[in-house]
Each structure stands twice: as structure tokens, then as C-alpha cells.
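Next come two complexes built around chain A: one with chain B, the other with chain C.
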Partner chain A sequence: MSIDAFNDNVRDAFIALTSQLNGHAAGPFQTKRRSGFDSFVAQGIPTTRHEEWKYSNVLPFIGLQFSERTSEHDLITREDVSQVLDGLTKDSGVTVQVLTDELVARDEVVRNALGQTAPVDVHPFVALNTSLANNGLVIRVARGAQIQRPIHIAVVSDARSADVLATPRILVLADEGSIIDVVESHHAVGDKISLDVGVTEISVAENAHVRYHKIIDDTVVLRHIGYTAARVYRNGRFTSHSVSIGGAFVRNDLVVKLADIASETYLYGVSVLNEKDHVDNHTVVDHAVPHCHSEELYKGIYDGASSGVFNGKIFVRPQAQKTTAYQSNHSILLSDKAQINAKPQLEIWADDVKCSHGATSGQLNDEAIFYLRSRGIDADRARALLTYAFIAEVLEHIDHEGLRLYCEGRVAKKLDAEPFAL
Partner chain B sequence: MQAPSLLIVDLESGLKWSYICAMAQDSAILDEVVQNEYKYGFVTDIEQDLLPKGLSEDVIRFISAKKEEPEWMLAWRLKAYAQWLKMKEPMWSNVTHPRIDFQDIIYWASPRKKEGPASLDEVDPELLATFAKLGIPIEEQKMLTGVAVDIVLDSVSVKTTFQDKLAELGIIFCPISEAIREHPELVKQYIGSVVPTNDNYYSALNSAVFSDGSFVFIPKGVRCPIELSTYFRINARNTGQFERTLIIAEEGSYVSYLEGCTAPQRDENQLHAAVVELVAHTDAEIKYSTVQNWYPGDKDGKGGIYNFVTKRGVCEGPRSKISWTQVETGSAITWKYPSVILKGDHSIGEFYSVAVTNHMQQADTGTKMIHIGKNTRSRIVSKGISAGTSQNSYRGLVKVLKTSTGARNYSQCDSLLIGDACGAHTFPYLEVANKTATVEHEATTSKIGEDILFYCNQRGIDTEAAVALIVNGYAREVLNQLPMEFAVEAQKLLAISLEGSVG
Partner chain C sequence: MTPILQITELTAGIEDREILKGISLTVNPGEVHAIMGPNGSGKSTLASVLAGRADYAVSGGSVLFNGKDLLELSPEERAREGMFLEFQYPVEIPGVSTANFLKTSVNELRKHRGQEPLAPAAFLAMMRERMKLVEMDQSFLSRSLNEGFSGGEKKRNEIFQMAMLEPTLAVLDETDSGLDIDALRIVASGVNALRTKENATIVITHYQRLLDHIVPDVVHVLWNGRIVRSGGKELALELEKRGYDWIKQESVEEV
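Let's turn to the complex of A and B:
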């Protein structure tokens, strides 16, 4: 199997999808899909010679033969989804809709938002997702609504009977002054390969605050290429927590555009990997206007033969004066076979700014281990405690207590540091 | 500008203040230099031995024949040329320029050939006048500073001094064309060993057509008693300069090498694609310092030199050390990454850089530190200063291989922005595959604080002088690495380069 065969696969899927559209073949959603497909063909599958894909090789699983229908029975039926959606209290201020051709045709807000923050030409996989996007989710938060309970979107692909290509598309539209916690997680069942190419678009209106959590904690079945794009308006705030504790191939793209004055973003991420895990975190903070603020903290622990990538870009446009942007990335390698490739980037086109980045890679402090051992804690536990503390420093920024405890618990388990989970 | 009458020394940072006041009094010198838009912009009129424009196998054969080179050298050049023909011009850097027409370049130009002059009297008086304008009185240097100067005026080395004294110690310091004839075994062994001919597009081009350059060989256990210095000067219209420098430090030896550049003012772009190779054996140390002040083009970005250079050193043996220091103020485009391959255990690589861009200048510079041996250490200090509408990028790679247990790196790259139309960019690559390695990178970008400028103004230092002071202080960590005579020149250059960028 080759790239050509994969492209043919995508083409077949695109044609099959088009044939099922009935009255919507000329609708606005299909127009977007078509431009996505054209763009995918034009951009092609990236190789490691592509700067943005230097450390993450997608070719090994591009060769798989993906089937459209994965099994006789849908894992989750349309009815199941409807039941879940109905279960959400409608008066809470959150509306969850299925992203259909009909909705895109009818609803101007959805139509404008779809593909606005994640245009097809930024990324071949965004184009791929757009060309095959169907039955995604639209989450709308009403003006001023302050949602206490997080909305959890779990994307599950069914790889029980054949390799599967999933293209989940999620839109989060937070209206003025609203606050919401969104959790996105990706899973696969079965023992074939699941290639999950997801796109999430988030719009944060004036004075709104979206707290986005992306949790990747899955078996070796999942290959995930996710692209999350957020656009933040005046006084808005976007906080992201990316927690990656497993997966044979995970690529997280996170692009935040600070589009209006006094908007801010806080990006936190952890990677806790072992065996042959591979997690690639690409972040972009785009300061497009003056007086915005961004902070970013990513940390990683790499054991076994795992490999991690951090590519963080801060972009300050010429008119974005008075910008403050800080970024840091720290990694610890625990094994001889693990590796980390970090590329923190600053691209600054305005002068009245304060920007900095720092990146380190090292190992646990011998003196700290000695200190703990001198207090009767054996070496393995001392290491586990220190690595856990290293990661917990990032997780403690999760505002929602339940989510924070959940993430801390998962990380502690992965690190065998449970007795010390605080 | 008036020097402040008050000397404030009882502050916590007393030293800094005495420095600032001293500098302010020195501004008379600055004023004088600043008057000229480009001090070294003049053309020496010497009859040139020119080859027609363009590149072909015949041109390479011609160059090789002119240099009276042995057959193996010609074969080596032709092989590089064949590789170059197959390569594509690299486009990934953060600079933009019109496509270079490699057939529109003269690949050979030399001053009128004379029998080797025995004394300065025999040297073309025009040349001596040029040196005087450049501020390099050879006689004086011989007597006072003890710096041996190997001047490359266009493509042929004209005069080498101190050769006899160096020869007593067994040191070879000569034009590389001479080394090819007289020490072929050394050249054959090392040339292309650090920068292979097919390393990149411009190194392949250089390998095919290099005209001349310097060759340094320091024998075992010898500490070179003087700073070796070469002044390069691009002089003929449309002459691409393809220098080739090779420095070999045998076991336990030490050498400090200075490279300084000035070029006449020009309207047409000139390409400079040099290759520098350094080899440090066991316990050897090479210190390579550059002050680059080529014509940067005028305020509208017209003209100026393209400086696309491949510089690389290899720490071959245990405990060897290579240190690059550069002050880059000139050139329309500077595109280079002096690198160190840390092969020997406990070897050390250093990179200290100040890159100033003003008007329409572009710089994409940085370093690569490749850690292979155990307990290798590297240190990177890069200071970028952008003004006007210029673009300044730091691009660096720190790579720790699996074999490099206990590797240590520290990188710091700071950018200073002067004016709201310039850009500063940082692209560091950290690739770590050994768990015992410690790699640290930090970068900051900011402008000169209003409060600091106000403080200086308040004490009678005008804004322009204040900027010069602050920039010199900012770059001090790097300037301190330069040999004395270079440090003085570099300070002036920083101030001149930023002239007109404020107020």
C-alpha cells in the first residue's frame, strides 16, 4: 500500500459520502467538503521531509486499508446519540446538535463557524477531515451561561473487524460571557488499527471562558491526528489542558488565535509515555492584536522506547504591540531508548512586546533522590514521587476539581506513583 | 554631545556606570564614524585579470590551472561541480532575495600577477593605499601588535607576514593555494573532511570554484604565540568570493584565528559563499573570531552582500575545544551556522554571536552542536539586534546522540527590537536521545525599556548614544570573547550599524 492507494481510499470514501447526500449534494456543507477534498489532494500526505512533520512519520499507517463500514453493527447508533443528547438538560444553557448537512444549510452561525478557525489549507489532515466530515457535534453555550458540569465528548472508533478511518468534527461555540468546561477524549475498540483524524473548532466570544481538556489515554490501537483551533474575542479567555498518557501515534495540533484586544490564553500540556508511545504536540499562539497575553507550559516524561515532540510557536503580528507571551517546555528522559525533540519558536514582528521561551531536557536530580532515600523511601518510589511531582505542577492548573483529580489519578497510575497521589 | 560631568560610581552596579560614562565620553569617536554612511565604501582601482562570467567545467579547469594545482585537486573540484549540478538551491531559510543567477558571476579575478614581492616596496602602491584606508598599516602591525596578516585582496593572497617566525615553531600559515602545492598530503587528508563537498548547495559550489583562502597547521604541543588574522576584502565588480579556510590543530596545540571583512560600496548584489573547516585533535583548542562588516545595501535595501557561509569544526580528540565568536553587522543577507561536532569525549563547543540588522538587512544565523562523545559540553550565547525594517533570526540545533552520556548544553538567545517595523525570530531545535543529557535553552525578546532610555536622557546622554551604550552592554558577554583589537572595532561597528535607527 502506498500514499496513492490511501488517496484512492479517501477518494472512494468521499464519493460514497457524496452519493448518500440526496438533496444536499449542492448544499453548503458539501461545498466545504469538496474544497477540503481538493485541498487534501493538493497538499498530499506529509513526509518527514516536511518541516512540521519532521519527527512524526505518518507513512507506516497511511498504508493501511481502511474500510468504510467497520462492522455489522454500529458501535453506537444514531439513536444512542439522540438519547444522550436528549439527556442533557436543555435549560442548562448548553445545546448539543449533530452537525448535519441540514443544520449547516439552515443555521447561519454554524455555517460561518465551520471551517473558519480551521481552514482546510493549514494542514493536509484538516483537509482530510473536512472532506469526510459527517455527523459531527455542535456544542453551543448560551449567552451568560455558566456551566458547572463539564461536557465530555468521547470519540470512539470501532476497529474490531477492520482498520478504520474516523473523521470526527466538533464545533464549540461559547457565546458572550459564558463559561464552560469541555473534555475531548479519543478511544478505539478492537484490535485492528484506528486512524482518528479529528478537528475541533472553538469560538470564544467576548468575556467568555472556555476550558478545554483533551485526554488521550488509549491502547496501541489508536493513531490520532487531532487539530484543535480556537479563536478568542475581546476579553475572552481560552484555557487548554492536553493530557497525553498513551497511544502509538498521537499528534495534537493546537492553534489559538487571539483575535481581539485583551484576550488571553493559557495552554498546559503533559505527556507521560512509555513503551513505544509517540506523542507530538504542536502549538501555535497567534497574537493578532495588541494587549493580549499568553502563557504556555508543557512537560513530558519519557520512558521505554517512547518519543516525544514539542513544537511551540508564538507568533506576534506587526500590529500586536504590548503583547506578553511566555512559553516553557521541560522534559525528563527515563530510559536509554527514549527521546525528545523540542522546537520552541518565537516569531516576533512587533517591538513593544515581552516574549520569552525556555526549553530543557534532563534527568531527575540525584540529590533530590538521595534526600528522599535518606528519609527511608526506596529509590524506585523516590523516582516515582519526583516524576509525579514534576507532572503534577502542570495538572494543578486544571480548575475543575473532578477533572483534575481524574487526570492526576491517571498520571499517577501510569507512573506507578499511586501511594503518593495527593 | 556633551559628556556627563557627573560620574556615578556608588551605585550597586558601580562598574556598569563607570563603563557607561566612559563610553559616553568616547562618543566623539562615534560621531566621527557615524558621519560616513559606509566608512569602507570605496573601490580600489587595480587592473584585474578577469575570466568571463559564468560557470562550466572549463572555468574550473582554468582556475585550477591558474593555481598550478595538482591533478587530484582538479578531480576533487570537478567531482564537487558534478554534485552541485544535481543539487537544488535551498529555500528553507527565513530570508528572501531575488534568485541568484550563477551564470552571471565572475569566478576568477586576480590582481596583476607579479613576481612575489620581497619587501613592501615592491607591492602595488594602490594596494598599500587600500590597507591604509582600512586601518591596517602592515609595518606598524608587524612591530607593535605582533599580528600576522594574510591579506586576501580578491582572490590572490598578496602578502603574508610573520611566516618566518611561525615557521620556526613548525606552524604553517599560508594561502590555501600554496598549501595545496607545498603540503599536499595535509590538504588532501583534511579538505572536505568536516564539510563534505555535497554537504549543501553552497559548499558544493565553493568546493568546485574556491579561489583562495587560508591554511593553518599547528603542530603537536605548540601554542601559537600570536593571533592569526586574515582580512578579506571583496574588491572586483561582480566577483563572487569563494574562500576556503582549513585550520588543523594537532594534539595539545592552541590557535586563535581572526577573520575580519570589509567590502566596497556596490549597487549590484555580490555572493559570498565561503567554507571554513576546523579540526581539533586531542587536547587542542581553536578559537575562531569573526567581525563581518560587508556592505549591507543602502537604506532601501539596494545592493549589499549575500553572505552564505558554511562553517564547521570537529572536536576530533578527547578534551579538545572549538570556540566560534562572531559579530555580524554587515551584509544584506547573512545566512550561516558555525557548528561544532563534538566527537571526542569531554570535548567542548562554544558559540558566541552578536548579529545586528538595520534597514532592509536580513540575518538567519545560529549554530549546530552535535554531541557524540561522552561528557561533551556546549554553550551558545546569541544576541540579536534588529532595527529599521530588518529581519533577524536565530536558528540553532542541539543534538545529543545516544552515545553522548553526560552531555551538557546551555543556550541563551536574546533579541532586542529597535523600531516597530523589524522582526526577531527564534527557531531552536533540541533533539535529545540520551537520558543523562542536560539541555537548557532560553530565549527572550523585548525592546529597550523606555525607563532605561529616560534614565540616560535625564543624565544628559542623548537617545542615540544611550542606545549605543545599552546595545554594547547587551552584547558584552559576546564582545568579551573577542581578542582586544577586534573588541574595540566591534563596539564601534555596533554603534555605526544602528545609526539612524532611533529618534
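Let's turn to the complex of A and C:
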């Protein structure tokens, strides 16, 4: 019943969007939207009977009546956005554009990239996002450009006056030999429900390096379902840091395809949760060609009645000889009510490869707590210090110092461990 | 003169098993006491009870530390009151730098004494100076606490911590286990350098060799949960020569 209502909701939004297109109704963007909508209808909303959604139940908020436009006064106006984008575009080497029907029709690169790494049939929410995608962002980094300052995309859902469905779509196209830090953060304002279904597609050209940071900060209203797909070409490198510090419902899908030889990817993730937070990290590393390298390290701290999921797939295709792929996932449960479901999945069809995975879950080490206490540090601070240190080991891989300090500070605040984040 | 430590008829054990069966011991300022004994005599239990390990239960007797009831204090309160337990197996703590850990620890002790936290520069200078005592390289400060340290480095790090925390009573639990002779010499000279007229040291050891380097004022022999003999440093030498069997024999005859 509630799924039907939600589907009707999406259909209405799709029709409403179609009616506003003014001459682009037969354009390439709308064609992609239409195939997205058809695919969404065909796939349907997943229930917990679906293997990929076993521990993350979307039904509780699918029944809500979402509206597309909520407040009389926009939180951020089109003029605000234009001003920011004008400022950015002056920074040499980066171009930031709004993802419009007009741009998709005019620009072949954008047209080809949109939906290439995140095809609509792989995931029901990719289909949903595609069917309603409008006014997203395209970030292009010029050949050889080494961008020192991170580009920060803040997605803010305005749930001040009604439940809201947001479908942000982001394209990052890093040309040959370029280097860029991208930060994607998701937020909600207001006390209604916001469902934020995002898709980010990233293309890392030859010798380029994209450092991607996805930050879901402490918020109890946000329901976020995000799908990030990266494709890495020859000698390219894609580094991802997924920092989840709360959220009523967070699902991060991260899919990296190593598409040409000597490409590599490094995936790091932390979840720091308490109360009823829920964060589900699904990752896929696809070794499609020989001589590629991947490393993955995800850690989580679970307190209160929080729950986490880690599902890490590694595919090594038959032709992907000389692959090296390592994955590890470690969790600490601080309360009896907290839970983590971890599932490494390695599918290896090549025979000359080095792959490993390890997953642990447990409590804090009592002997370590006692050691700290016997040096005058009280039990609560000892626990805070140890949990912080457990997470900091992952965050130290963030190359950009400012970003690293920011993330460390946020984690320390959540863990009451501020004095240690120095 | 108030003793630093006064143990009276202490009985303690783990689960239902009584291991310490009435220990009495007085340690005065300026003294070094050695507690020796064969395996299973109760040495580790005594160290654990003094440190405040939760799995050991005290069933009788009393322990006064600088005049306060030690058994009422949590492990962190004992440290703040001036007790330092040197760990037989120091714990590796990834992600916490030695410097950060020590700053937290030292400032907790200072807060307890009503002192302001040390300024970063003064703290760094203090660390650099006291590391020299145990010939530790400064690179250890930014490394994770004990992580990947060799056995000798861990023990030197323990004595470095002791130098930073300036305890009134240091309890060294089997310091010599796993140490080669050079590391033993460095650790022992660190301990000796920290001795003053106001503090005291208890050295718990199975072997006499550590006592060549840290010379005790009093040697106690623990057997079957009791101190069966106390004497000067020559008692340790006699134990080294004759082993523990004659002590066991004599104490059985006394009973």
C-alpha cells in the first residue's frame, strides 16, 4: 500500500518535471529520465527480502507523502548558486556547471558520461534518481590541472514545511593527469522527513587522481540513499573517504571499476554511530583488467541501539591477472543493543592474483582500558581515547590536512574525545 | 615518619581461590624493597591487588598508601595519588601517540594536585629531557603507544612514563622478563636515577639478576601466599645460589 503511494508520488513528480521542460521533452536528458523511470517501475522498491537490502529497511519512510517543492522561500536561490559557481569557475582548471537539459543536449562529453558509470538498471534508487534528476552539478577538471583547494558540494534538503524527496545528481570528470579533492556532504534542515536519493558519477582519466570525500554528519532527520560510481582509467587513482557520523538512515553504495591497466583505488570508511543511527556501506571493487591494485579499510564504532552494515564485494575478472586486492573491516560494539552485519564477498576468476580480506567485531580491549586507568586517566576518558584512536587510524589516510582535521574534530566531538584530536 | 605503603594481614584471591594468605609489609620513603619467590607464590597477585585489577578480590586486611585506604581507590585514583605500576606486558595502543597519551596522563595528575596543565612547549621540553634517561629516541613520541615496539623498547617506555609521572611508589612487576642485558642495564639505571629520599620502589622479580642493578634495601621471600623470610640484599644472593627449595622446606618446618 505504502509502496504504491510512493510510486504514485514518483510518477506525479516525473510528470510534473516533464511538463516543465519547454522544448527539451524529446531531448537526451529527458530520454535518460524516461528510461530511469521505466527501470524504477520495473525494479520496484526493494524490501528486506532483497539480498542487497536485507539489513536496511526503507519501507518505514517510503510510505510518507513527499512533495517536491516545500517552502515558500527557497533556502538557496538559483542566484546564490550562480554566484558560487561564477566564483569557482575563476579558479583555473575547474569548471562547475549546472546539469541542465540544455547542457546535456549541447555537450557530448556530459551526455556520454551521464548514466555511464551508474546505469539505471543496476539499482532501483539509481533509476529513481535518474528519473527525477534536474539541476545537478557537473564538475570538470582540465587536463593536468592540480587543484589545491577542495570543491565542496553540500546537498541540503529543505524539510521545514513538508516531507521532501531530493534527487541530487553529480558528475565529476577529471581529465588526464589532473588532481582534485571533492567533498560531498549531505544535510537536512527542518523537522520533517527528508529522503535524499543521490547519484554521483566520477570519471578518472589516465594519470588523474580524484580524492573523493563523502561526509554524512550527525543528523537525525536525514534519510540518505547515495550511489557513487567511479571508473578509473590507465594509471589513474581513485581514493574515497566515506565518513558517516550519524543519520537516521544512511545507505552508501560505492562502486569502483578499475577499467584500464595500472589503475588503483583506495577506499576508506568510518561509521561513528549511537542512539538509533543506521549506516549501511555497500562497496564494490571491480577488477576488469590486469595489473590493478585496490585497498579497502572500513571501521565502525556502534553505541546505543545503532546498527551498521558492511558489504564489500571484490570482483576479479578472468582477464584481470596480477591483481592485488585487500579488504578489511573492523567494528567495535559499545553496547548490547548495537549491531553490525559484515559480509565480505570476493569473487575471483583469475588465478594469478593476491587477494585478502579480514573482518572483526568486538569490544574495547579491557587490558588497554586498565593500562590507561593505571596512568591516571579515568575509565570514561580511556574509552573515549581508545574509540577515537580506533577511528583516527582510518582518518589519517585523508591527504588534505584541512579535511582531515575537520573529520577528526567531528568524530572526536561525537565520541566526547575532543582533547585527543590534536 | 608515615610509611609510603603499609600492608597489614592482607588476604586476597581470584574467584574462590585464596592466593595471598596474610601479607604484612611496610615500605618507608627512600627504600627499595624486592619481593622474590618461585612461580605461583603470589607475586603477581600482590602486584595486581596493589594496582587495583578488578578480577582480584580482597577478603581481609588493609593497605594504607600515604595514609589513605588504597583498597577504596580506583586504579586511576591510585595513579593520581602517586602509585605507578610498571606493566610486565605493556599494552599496544594503535592510534594514540606516546606524546598525546602522556600529555593526557600528566595533566590528569596535575589536575589532581591542583596544578595548571603544562604549556605545550614546557611539556615537550620535559619529555625530551626525560627520554634521555632511558636512551629513547624522540621519534617514539609521535609513534603509536607501544605499537611495534620491541620488548626492550616497551620496558624503556614504561620507565620513561614513570619519569614523567614522578610517583611516590613505583611497583616494578617482573621488569626483567624478556630483556636482554643492555636493555636491563638501561632500565635499571633509569629506575636508579629516579630514586629520591621521598619515594620508594617495590621490585617484584623471580631472578636475582635485576637486583645486581637495582640494589634493594630489603628482600622479602614470598611463598604460598605469605612472606616467609625478609632480609638484606644478601638474601637475594643466597636464593640465587641455593634456589627456593630450602626456604620452602624451612617454612614447612615452622608450620
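In the analysis below, the second predicted complex is superposed on the first by the 418 of 422 C-alpha atoms of A that agree within 3 Å, B and C clash if a C-alpha of one lies under 4 Å from a C-alpha of the other, contacts with A are read in each partner's own complex, and residues count from 1 in each chain.
Rule of thumb we're sticking to: a contact is a pair of C-beta atoms (placed from the backbone, for glycine too) under 8 Å apart; a residue touches a chain by one contact, two chains touch by 3 or more.
Just so it is clear, the structure is predicted and the values come from calculations on it, not from any experiment.
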First, second, both or neither for A:R381, with chain B first and chain C second: second
Touched partner set for A:S203, first chain B, second chain C, both or neither: neither
Which superposed partner A:T283 touches (first chain B, second chain C, both, neither): neither
More chain A residues in contact [chain B versus chain C]: B
First, second, both or neither for A:K354, with chain B first and chain C second: first
Which of chain B and chain C A:R373 touches, first, second, both or neither: second
Complex interface listing, chain A residues touching chain B: 51, 318, 321, 331, 333-336, 338-363
List of chain A residues in touch with chain C within their complex: 365, 367-368, 370-379, 381, 385-386, 388-393, 419-420, 422
For the chain C and chain A complex, residues of the former touching the latter: 51-53, 74-76, 78-80, 85, 87, 90-91, 93-96, 100-101, 104-105, 108-109, 112, 144, 161, 165
Residues of chain B defined as touching chain A within the complex: 92, 402, 415, 417-447
